[in-house]
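Below, subunit A partners subunit B and then partners subunit C, in two separate complexes.
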Partner chain A sequence: MWCLSGLFGSRVGPALYPLLRVVSKGNQQYPPLRALQASAVLRRASDEHKKEPLASSSQQHFDSPPAGHQPEQKPQGPHPSYTGQGGQESEDYESEEQLQHRILTAALEFVPEHGWTAEAIAEGAKTLGLSVAAAGMFRSDGSELILHFVSECNSKLSELLQKEQKLVQLGEAEKKPIDEFLRDAVEARLRMLIPYIEKWPQALSILLLPRNIPSSLNLLTSMIDDIWHYAGDQSTDFNWYTRRAVLTGIYNTTELVMMQDSSPGFEDTWRFLGNRVADAMAMSSTASQVQSTGEAVVQGLMGAAVTIKNLAGLNQRR
Partner chain B sequence: AAPGSVPGRSNRSAVPGPSPVGGTGARLAAGPEMHFGFQTVTEEERREKIYQVFENVAKKYDVMNDSMTLGIHRVWKDILVHKMNPCPGTLLLDVAGGTGDIAFRFINYVRSVRQRQLQRKLKHHQNLSWQEIFESYQKDEFNSLGDSQVVVCDINREMLKVGKQKAEHLGYSEGLSWVLGNAEELPFDDDKFDVYTIAFGIRNVTRIDLALQEAYRVLKPGGRFLCLEFSHVSNPLLSRLYDLYSFQVIPVLGEVIAGDWRSYQYLVESIRQFPPQEELKVMIEDAGFFKVDYENLNFGIVAIHSGFKL
Partner chain C sequence: MAAAAGPAVRCSLWQRRSLRCGPGPRPVPGGGAPLRLCSTQAVPQAGINKPVIDRIIRVDHAGEFGANRIYAGQMAVLGRSSVGPVIQQMWNQEKDHLKKFNELMVAYRVRPTVLLPFWNVAGFVLGAGSALLGKKGAMACTVAVEESISEHYNNQIRTLIEEDPEKYKELLQVIKQFRDEEQEHHDIGLEHDAEATPAYSVLKTAIQLGCKAAIFLSERI
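Up next, the complex of A and B:
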């Protein structure tokens, strides 16, 4: 997804990419004239960050790790990276995306005031020194802003979980029991919504529009997957699906409870979360009890059937 | 960078000469061959002829637009402004905007967005007393256009005159400016405008690449270029019907309504000579715009191209 690729593109760190611009959709040959024309905004970004000067004179270089991000050493993980050496197209794709990424990040601070709308994006663009017309790059319903925010939150959650895992591996922390782990992870993720809680219902409704469902579902499932991964789930059977379905249910219901929670510090929400996780744990043990009971009952019935056959003389062996 | 393979265009050698429109450049040459509809003329002749065409049609321009497109051009222009989705405070440059259609729509749109903004503001301020609300009106904080402005630029005096009269007649006064200027050499400074639009005008520009470069120059970083223009229909059946309508009906309408079939013959021919969607997209990218894309309206009869100065 474009937001993920832009995200990881920013993580690769300051490298010098030749800015040979390519047609956005096709792989056409480019006359040299285009290579000389500098991009107005992206070059300014490199000025701001005071990166090293460029090598060749016939090419325009740029590098712009987004203003709000520090270059991270974190490995790319399972997600595809679009920052490979191959192809001018992927590198250029990245530069527009990086800019879009920066605009959306800047727009987040205007969300409490304007909501998840094109206006917030326009204000964000203004803070970066761009014209308000730059908001035209995004869809006018603000869905890209929301998806960007969600994917940012998901990556923050991943980092958090990974850090915790490292601490456990180094022996500096205790490994948490599963229910506590899940509860903490979901709570941490939901706390990221708190600054935007007033406009979040609007965001949820936009994410449920048919056009946005594939992307929002994708983000949701990858987050749940992440949480289970760090919880140590290594199942390869049907359990995999059950666990994710259960956790998705817990997360969604807790999110909805949070929307209308007015208790101080959202205590009601956390209590609700704790109860749901406990239910889920109990459910799994209940399920195995039911299964063993069921097996026992079936065994009993079989035994009874054999006895009856014996009594009726149908089981004769000569 | 001369654009490619449209019939009627020949490769140009740089022939410096006096510019017909008083510009400084040796770029606007008198030189080699260009197309004027299906005729071949020099660049200078082309400019003069086009100027005369619009001088002749200026008074009946709107009427003819309605009759030729059966009123659909209004929808196209509405779609253009909706796509622009301007917020209050936007500075728009409408080039070849002669009679002001895009400018008026822009003002209407911005006004209604501003209304909604003000209503939302007032909702938050419901604790203010009526006295305070009244005082804030005095402070002009609640101006109805939110500082948006549109500059209508056209090369043809007659078209601008008609536009100004229309504005008076319809009651548009604030936020509008009328400037005489050539799209190939705009009389504006760099990095000034948020949005640049050219609706049904770029076809008549003699050097499209220069116009695109000028557009790039006067736009602010992050600014948007929007071009609404007749384009190529790929559907063969529709294309035949369209050709039939264009060449048989439109010049006749021109003669009957405006008394000038030649101008409308030129119009129809110039549509055929204009580069198709993909080629125009490449030209726009050549001028330096990013995220260039186009949207076909009515199967390609009209296309909106959009690009950003990034």
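Up next, the complex of A and C:
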């Protein structure tokens, strides 16, 4: 069964749904069966209408990965027919996206043991009462699991920053100075990696695979944009890019330091982060100092030129 | 506190609010203006067609920025001539437009185009270059640019109306008002003998091609 799913890959994954149910090791045959039938019915219904009705829920959790999933699954062959089972539909059916989301979330707890692999996904599927072949829905290198995790962490960070902002607006908390805000936000985000820190280097290398780069870059840039937005950035010129580039650099280097940090409570990492943020602040004040010095020098030169012209008698009106 | 909770989007678009709350300016990583530590009323991102609105606001912001620089270039050459006051008045209106789009850009969380430094230089060079051709040359440049911009705003109004006129009512109002003002500038240019410029049609076509390219690039990059 396992090699079968590997053979067919994720293209035919959903078509194997009936097989999954039949060979499911759990005793809960009927609810998952209904959910499957309903999801297949939904899929057929959604194919008839152009728009995916639950796309908005998937948008919140995945930025680009669903876009990668949808074209892959739409041009499939004939759908499996369920008329044999009486065509039941339950009230609380879920879409394919939601099912995948649930499987991946369940799989996360097996990552420290199995790594970011199809085994972890299979274990996760088992806890939901599905067959291990459910892992065939996903790519074998665990990319979707990692992207799902990153997307979840970004959402959590977003909620956290929003809550903090509300507290500040209601006057219940002090506004943080900008360097402290950035430091705290990056630290909060990196702390979410701690339970998975052993296997995170593997995840980073998978995220850098060429086919995953668009999605991972998208997730990274939207996270950095979120942090700056809640920090109060309102730039509408090239600074928009400079600030985000600087923060991305800080985040990436701190993440790498964290990978090989063995100090208690990662204190070396947080100290490194603090130093980088301080560097960035110093860099910007240096930049403005350089600019004002430059302007002063130019003014001085202009003054010298005018003086020389006067002395040489070139400025006289005859 | 000015940034009270509640749907105050209209306020942020139409009123001038001083958002300086919290201690004074402080250095910021990456440089630039000090941060305002409380946020403007952001437009809720849920119901809107983000890619379309992103493009519209990005390209309009780039356009107003470029127009600002064009008039700056023209003033640098013709500031002390007889058309100086006319150009100055049009420039002031463009400054207002740019300010409005800066606010919209923050409210909708749109990124500016990467090409801003390039439009900075190119706009000034175009303005100064056309002004060096004389007053009529400067007016011809104004006519060409404003005609491009009016057509472009009209396209955007059509797009927004096709999407959902109710949802984008404020944005539509802003763009309609700006389109009318750009049309005024176009007419002012014609009044000041733009068409009498030597090689008027060549100049006009070249400038409008450049505007089309700028619009295409700014929407995407």
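Operating definition for what follows: the second predicted complex is superposed on the first by the 223 of 318 C-alpha atoms of A that agree within 3 Å, B and C clash if a C-alpha of one lies under 4 Å from a C-alpha of the other, contacts with A are read in each partner's own complex, and residues count from 1 in each chain.
Quick note on the criterion: a residue touches a chain if its C-beta (ideal position, glycine included) is under 8 Å from a C-beta of that chain, and two chains touch if they have at least 3 such contacts.
Here the structure is a predicted model, which is why all the values come from computation and not from measurement.
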First, second, both or neither for A:Y241, with subunit B first and subunit C second:
second
So in the superposed three-chain picture, is A:G232 touching just subunit B, just subunit C, both, or none of them (first/second/both/neither)?
second
With both structures superposed, pick whichever of subunit B and subunit C touches the larger number of subunit A residues.
C
Classify the contacts of A:K163 with the two partner chains as first (subunit B alone), second (subunit C alone), both, or neither.
neither
Go through the superposed model and pick first if A:L99 touches only subunit B, second if only subunit C, both, or neither.
first
Of the two partner chains, subunit B (first) and subunit C (second), which one does A:S131 touch, if any: first, second, both, or neither?
first
Once the two structures are fitted together, what part of subunit A is touched by subunit B and by subunit C alike?
none
Can you list the subunit B residues touching subunit A in their complex?
1, 83-87, 89-90, 194-195, 219-224, 281-282, 285-286, 288, 290-293, 306, 308-310
Over in the complex, which subunit A residues touch subunit B? Could you list them?
21, 23-24, 28, 31, 33-34, 37, 39-42, 44, 96, 99, 118-119, 122, 125, 128-137, 140
Subunit A touches which residues of subunit C in the complex?
1, 3-5, 21-23, 26-33, 35-40, 42, 61, 101-102, 105-106, 109, 111-112, 114, 116-117
Under the touch definition given earlier, write down the residues of subunit A that touch subunit C in their complex.
165-166, 168-171, 175, 177-179, 182, 225, 229-247, 250, 277, 280-285, 287-288
